Amino acid sequence: MTLLRLANVEANYGAVRALRGISISVAEGAIVCLLGANGAGKSTTLKAISGVVRPSAGTIEFDGKLLNGMSPTHIVGLGVAQVPEGRKIFKDLTVIENLQMGAYVRKDARGIAADLDFVFHLFPRLKERTRQLGGTLSGGEQQMLAIGRGLMAKPRLLLLDEPSLGLAPILIADIFNALRQINKEHGTTLLIVEQNAHVALKNANFGYVLQVGQVAVEGSAEELRRRKEVVESYLGSSEQTPARAAS
Amino acid sequence: MTSHLRCENVTVRFGGVVACDKVNLDVEEGKIVGLIGPNGAGKTTLFNVLSRFQPYEAGHVYFRGGPVDNKRPHDMIRLGMARTYQNIKLFGEQTTLANILIGAHRLIGNPIANMFWLPKARQTERTLHNRAIEIAEMLHLENDLDTLVRNLPYGYQKRVELARALASNPEIILLDEPVAGCNEEETNELKEIVRRVNRDLGITIFLVEHDMSMVMTVCDYIYVINFGANLADGSPTEVQKNPDVIGAYLGEDYHA
Amino acid sequence: MGRKEIVAALKTKFERQNQVAVVLLFVAAALFPFMPGVEGWMASQASLIVIYIMAAQGVSLLVGYTGLVTVGHGGFLAIGAYTSALLTKYFGIDLSLGLIAGGLMSGLIGYGLGLIFLRLSGAFMAIGTLGFAFFIGAIINNVPLFEGRTGINLPASRIFGVKIGDFGFYLVAVAALALTTLLIYCVVRSGVGRAFMALRDAEKAAESSGVNRVFYRTLAFSISAAITGVAGALNGHVVNYVSSEVYADIWYSVDFLVAGVVGGSALLMGPFIGGAFIVMVPFFLEKLADFAYILKGIVLIAVLLLAPAGVADLLARPFRAMRRRRLAAAGDSLGLVGAAAARAQTAEGR
Amino acid sequence: MHRKTKKVGTASPGRRVLLGQQIISGLASGSLYALTAVAVVVVFRNTRTINLAQGDFAMVGAFLAMVLIKDMHLNYYLALAAVVVACILLGILTERIVMRPIADSDWLTLFTATLGVYYILHGVAGWVWGRDTKAFPVTFDPTPINFAGTIVSQGHLINMGWAIAIGLVLYVFFKYTKQGIAMRAVTDDPDTAQLMGIPVRFIVLLTWGMAGFLAAFAGVLLSPIVYVSPEMMDQVLIKGYVAAVFGGLYSIQGAIIGALMIGVAENLAGGYLGAHYKTATAFAMIVLLLTFRPQGLFGIQKRREI
C-alpha cells in the first residue's frame, strides 16, 4: 500500500526553482532513499512534505489525505515527522526537553512515556545524558537525539534529511542500524535523503536519484547500485570531460 | 608557472569541530582551478579563509607569494582579488548598474572628493560608469542596467554578481558555487562566461562548485577535500577516476 | 540611437524634472514670508518645520541609506544647540558661524559615537543611542556650564552682522535646509552613497567589494550627526533660549525617527513630509494633546502596514509607474523583448 | 516636553546614609525593573521586537488598578487579578492587530510599530485619566522595620517578595510546562520548532501575553512609588532595556542580574554622589557595557542576526 505519493510537485526556494515536477511514491513499511548531488532538490522535497515549503504545483498525498496547504503542526499530527538536515537540536534545551518537544502535538501521556523508553532503548547513550544541554552533545549523539526527537511524534512516516552528514563512518553504521531497527520493530516507514549513496542503498529497499529538481533514475536499491548514472549524477559524466583540460 | 593564491597548512576549528585540517592548495596564475568535496567538507570555510572573512588558528595564506594573514576583507580587493557568494549577496534594492558600480568601489579615489562631486571625481565617475556598462554588455546584462536586482531572474542575478566582481579590475576571482540553483541553460551560459573571463581578460579563477558538469568541463585543475582535509588533486579526468574521491562522494567502498 | 541611449536620455530628463521640482519647492518656501497675511509667529512655526525636516534628514541618512538605527539624535540636537548658544553668549559670534560650529561639534561627537558603537547593530544600536541621548541629557542637567533648567538666554540673532527678525531667521533656516538637502543629494548619488547603501543591503558583500566598514559607518554617523547638529543650532536661536527642560527630553530622538519612517527615510522627500507631519500634528491639536498622541500612533502604524517605505514613496508611486511605462515604450519602439522592459522597475526618483 | 516622572526608589534621609539600606532599597527598585527587563527579553528573543509599549502596558494596568481600588473599592488582590487579565489581553491584542501583519518585516519596522502602540496608549491614558500625576492607595503599613540595624521599608520587602514569587512562577513555567519549554524551543530555533509541529504563531501570542502579565505586576507594584501618570513608566522602561542588554537581550537571568545591579548602582550613586547622578548612572553603565561587551555581560553570544 502506498503511504506517501508526490505527483508532479514543483516548488520555489527563494529565487530558485528547486523542484521541477517531482513524482515519487513510498510504500508503507518501506525504507526509501532520495539520492543526488547538492542542490538537486532533495531537502526541498522533504520540506514540501512537512509543509514548511509550499509547493507551487502538484499534489502531496499521505495516507489518502492531501497535504497541500496544511500547516506543519497538522502534518506532524497526521504522523509525518522530520529529522532535519544538520540535526538542528535545540541547543539550550536539555536532552529530555528536546524529546518532549518532539512529542509536542501528542496528548497521550502513556504513549509518550512508552516511546521515550523505546528511544532510550534504541540509544542508551541519550539516557545517560537526559539533563545535559543539547548543544553540548557530540555530533553522533546529536544525530541520535534528532532521530529520537522525530520518533517522539509517533510518526508513521519519518523523513530523515542527511542523517550521515559530517559523521565518521563507524557512527554512520550505528545510525543506520538504529534506523533499520526502527523500521522493523515499529513498522515506521522511512524516507531518507542521503548524499552517501553507498550507505543509503545498502539499507534501503528502493531509491530515487534527483537531478536539478527532477527524478533522473529510480529503481530498487540493488538495481541502483549497479547503474552508472548514479555515479555520474554525483561526479559528472566522463564523456563530458573537456578537451580543454589537456591544454 | 607562478602561484597566484596559495594556502599552507590552514587549520580552522569551530568549538571542538575541525572545519579545516592542515589544508594546502595552490592556485596557479591564469588557470581555472576548482575545489570540490562532499557536503560539510569545509569548502565554504576554506573559501572564507581565502577571502579573509574567516580567521584561522594555524597556517598561512599567500597572495603572489606574499603573506596576507593580517589583511581584512576589504583589503583583498586592493590586492586584486574579488569574490562571489554561494547564496547570492547582492544589493537587491538597487539597480544592476549600481550593483556593478559598488564592485568598482576601490577605484572611486578620494571618498570625500567623490562625495562633494569635485571635478576630478566627476571625471572618475564617468569613467567607472562607462566601464560598468562595458562589463554589463560582456555578460549580456545591458538591457537590465536599470532594473532592480531583486526583480531579475536567478540566473541573471548570478551574472550580476560576477559583473560586480569584475568591476574591481581583479586579477583573480573566487567563485562560490557560481551555478548552484541554475538550470541547464543558465549553467551552460555561465560556463561560457567563466571561460571567456579567464581567456579574454586573463583573470585567474578559483571556484567551489557542486555541479560536476561545470567543474569537470571548465577547470584546469581540481582540489578535492573531505572532512576538512586534502583528499586528492589533479586534472578533472584524474580526479573523476580517483577511487578515494568516488568513495568520499558515494560512500566508502562504493563499487560502481 | 539604441535603446541604451534612449533610456539614458529619458533618465536624464526625469532627473532634471526631479531637480526642477525640488528647486521650485525651495523657491516657494523662500517666498512664503512675502505672502500677504503672514505674521511673525507663522514664520517661527515654519522655521520649526524646517528645523524638524533637517533633523529628520540627519536621522534618515543613517536609517534609510546606511541601515543603522538611531534613537539618540536628540543628543546631537542638544550638542548643536548648546555649542552655538554658548559661543553666541560668551563670544557673541554670528549666526552663520554658530550653525557651522554646531554642525562641526555634533559631527565630531557623532564620529566618536560611531566608533564606540561600531560593533553594534539593530536593537543594540537602538538602545545604545537611546542611552547616549539620556547621557547628554544628564550632562546638560548637571554640568553648571549648561545652566540646567534655568537655561541660557541668547541675544537676538545676527547674520553677517545684521540683526534679523522672525522672517529673516526663517529665510536663513530655509537656506540652511537647501544646503543640507544638496549635501544629501550629492552624498547619496556618489560613490560614498553607494557604499552606504551597500553596507545596508549586504554588509559582507560590500566589504569584499572593498568598502571599508569602519570608515563608512563612522562617516555616515558624522554626516548625520552634523546635519542634526545644525538643526539644533537653529532650534536654539529660533526662540533665543536653550534649557535642559527642552534638550534633555529624549522624545525628540523618537520624533525624528518617526519623521523619517513616516515620510520615508530612503527618499530625498521623505524627511520633508515626516518632519512637517511631526510638527503640524501637535500644532493643530494643541488643545487636544492626547488626540495628537493617538493620531501619531495610528498614522505611524498605518504607514507601516500600508506603505512601509513611507508616505513619500506612496506619493511617488504613480509618477514612477508613468516613467516605467515610458521607459518600456522606449524599449518596445526598438523591438526589444517585452520581458526586459516589463522588469525595468527603475529606482530613480530618490 | 512631557516627562515629569518621580524617580524610582525612596529618597535617602540626609547625608548619613547607611550602605545596607541603600543596597536593600536598590535591590527593591531593581527587582521591579527586572519585571520589565524580563518582558523585554522574552518578547525580543521570540519576535526580534524591542517592545517600546511594554512600559505602557504597565501604565494602563496601574490606572486600571487605581480605578478599581480607589473608585470602585475593590479588594486589592481582586483588583490585581483583574489587572493581570486586562494586561494579558492588551499584550495579545497588540500582537494580533499590530504585530502579526508585519511579523516578517525588518527589525526597524517592528520597533517603530511598538512605538505607534506606545503613542496610542499614552494618548488614550491621558485622554481618559488626565495628564497629572495621581497618588496610588498604599496598601501596606508605612512604618519601616528595623532589621539588625538596617531600616527597611515594608513596601520594599513586599515588592521584593512579589518579584521573587513571579520569578518562581516564570522558572516553573519555563522549566516544567510544555508551553514554557516550547517557548524556549522557539527562541532557540523557530524553523525547527515549526518542523516539530510547535505552532510558532501561538507561541508568539503567548509571548506577548506573558509581556502583559509581567507588565500588570510592574504597574501595580510601582504605582505607590512613582505615582500614577501616563509617563510613569518611561524611565523604568529605559532601565529595563539597559538591564535586558546586560543579558545580551537573550538571557533572562542576565536581565534580572542587570536590573538588580542598576537598582543598586543608581541608589548608591544617588546616596553618595547626589540625587542628580541617580538617573545618569544607568546610562553610563549602558554606554560602557555596549562599548566593551556588546554581546552582554554574561558571555551569551548573539544567536540570531538582527
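So that you can tell them apart, the chains are marked A, B, C and D in the order they are listed, and the count of residues begins at 1 in each.
Everything below uses one rule, namely that contacts are C-beta pairs under 8 Å (C-beta built on N, C-alpha and C of every residue); 3 or more make two chains touch, one makes a residue touch a chain.
If you're wondering where the values come from, they're calculated on a predicted model, not measured in any experiment.
With centres computed as the average of Cα coordinates, no chain lies farther from subunit A than C.
When the interfaces B-C and A-D are ranked by C-beta pairs in contact, the top one is B-C.
Rounded to whole angstrom units, the spacing between the C-alpha centres of subunit A and subunit C is 53. One simple way to say how far apart two chains are is to compare their mean CA positions; for subunit B and subunit C this gives 39 Å.
Averaging Cα coordinates per chain places subunit A and subunit D 44 Å apart.
Taking the mean of the C-alpha atoms as each chain's centre, subunit A and subunit B sit 32 Å apart. Counting partner chains per residue, subunit B has no residue touching two or more of them. Shown for subunit D are the residues that touch two or more other chains, of which there are none. Residue positions of subunit A with contacts to 2 or more other chains are absent. Here the touching chains pair up as A-B, A-D, B-C, C-D. Against subunit C, in their complex, subunit B makes its touches with residues 51, 53, 72-74, 76-78, 82-83, 85, 89-95, 98, 101-103, 105-106, 108, 111, 114-117, 121, 125, 128, 133, 142-148, 151-152, 164, 168.
Subunit B makes touch with subunit A in their complex at residues 17, 38-40, 88, 153-154, 157, 177, 180-181, 183-184, 195, 210-213, 215-220, 235-237, 240-241, 245-246, 249-256. Against subunit C, the residues of subunit D that register as touching in their complex are 1-3, 44, 48, 50, 98, 101-102, 105, 107-109, 111-113, 115-124, 126-127, 131, 238, 241-242, 244-245, 249, 276-277, 279-280, 282-284, 286-287, 290-291, 294, 306. Residues 13, 15-18, 37-39, 139, 162, 165-166, 169, 195-200, 202, 212, 225, 228, 230-231, 234-238, 240-242, 244-245, 247 of subunit A are the ones that touch subunit B when the two sit in their complex. Those residues of subunit C lying in contact with subunit D across their complex are 63, 69, 116-117, 119-124, 126-128, 130-132, 134-135, 138-139, 141-142, 246, 249-251, 254, 257-258, 261, 289-298, 300-301, 304-305, 308.
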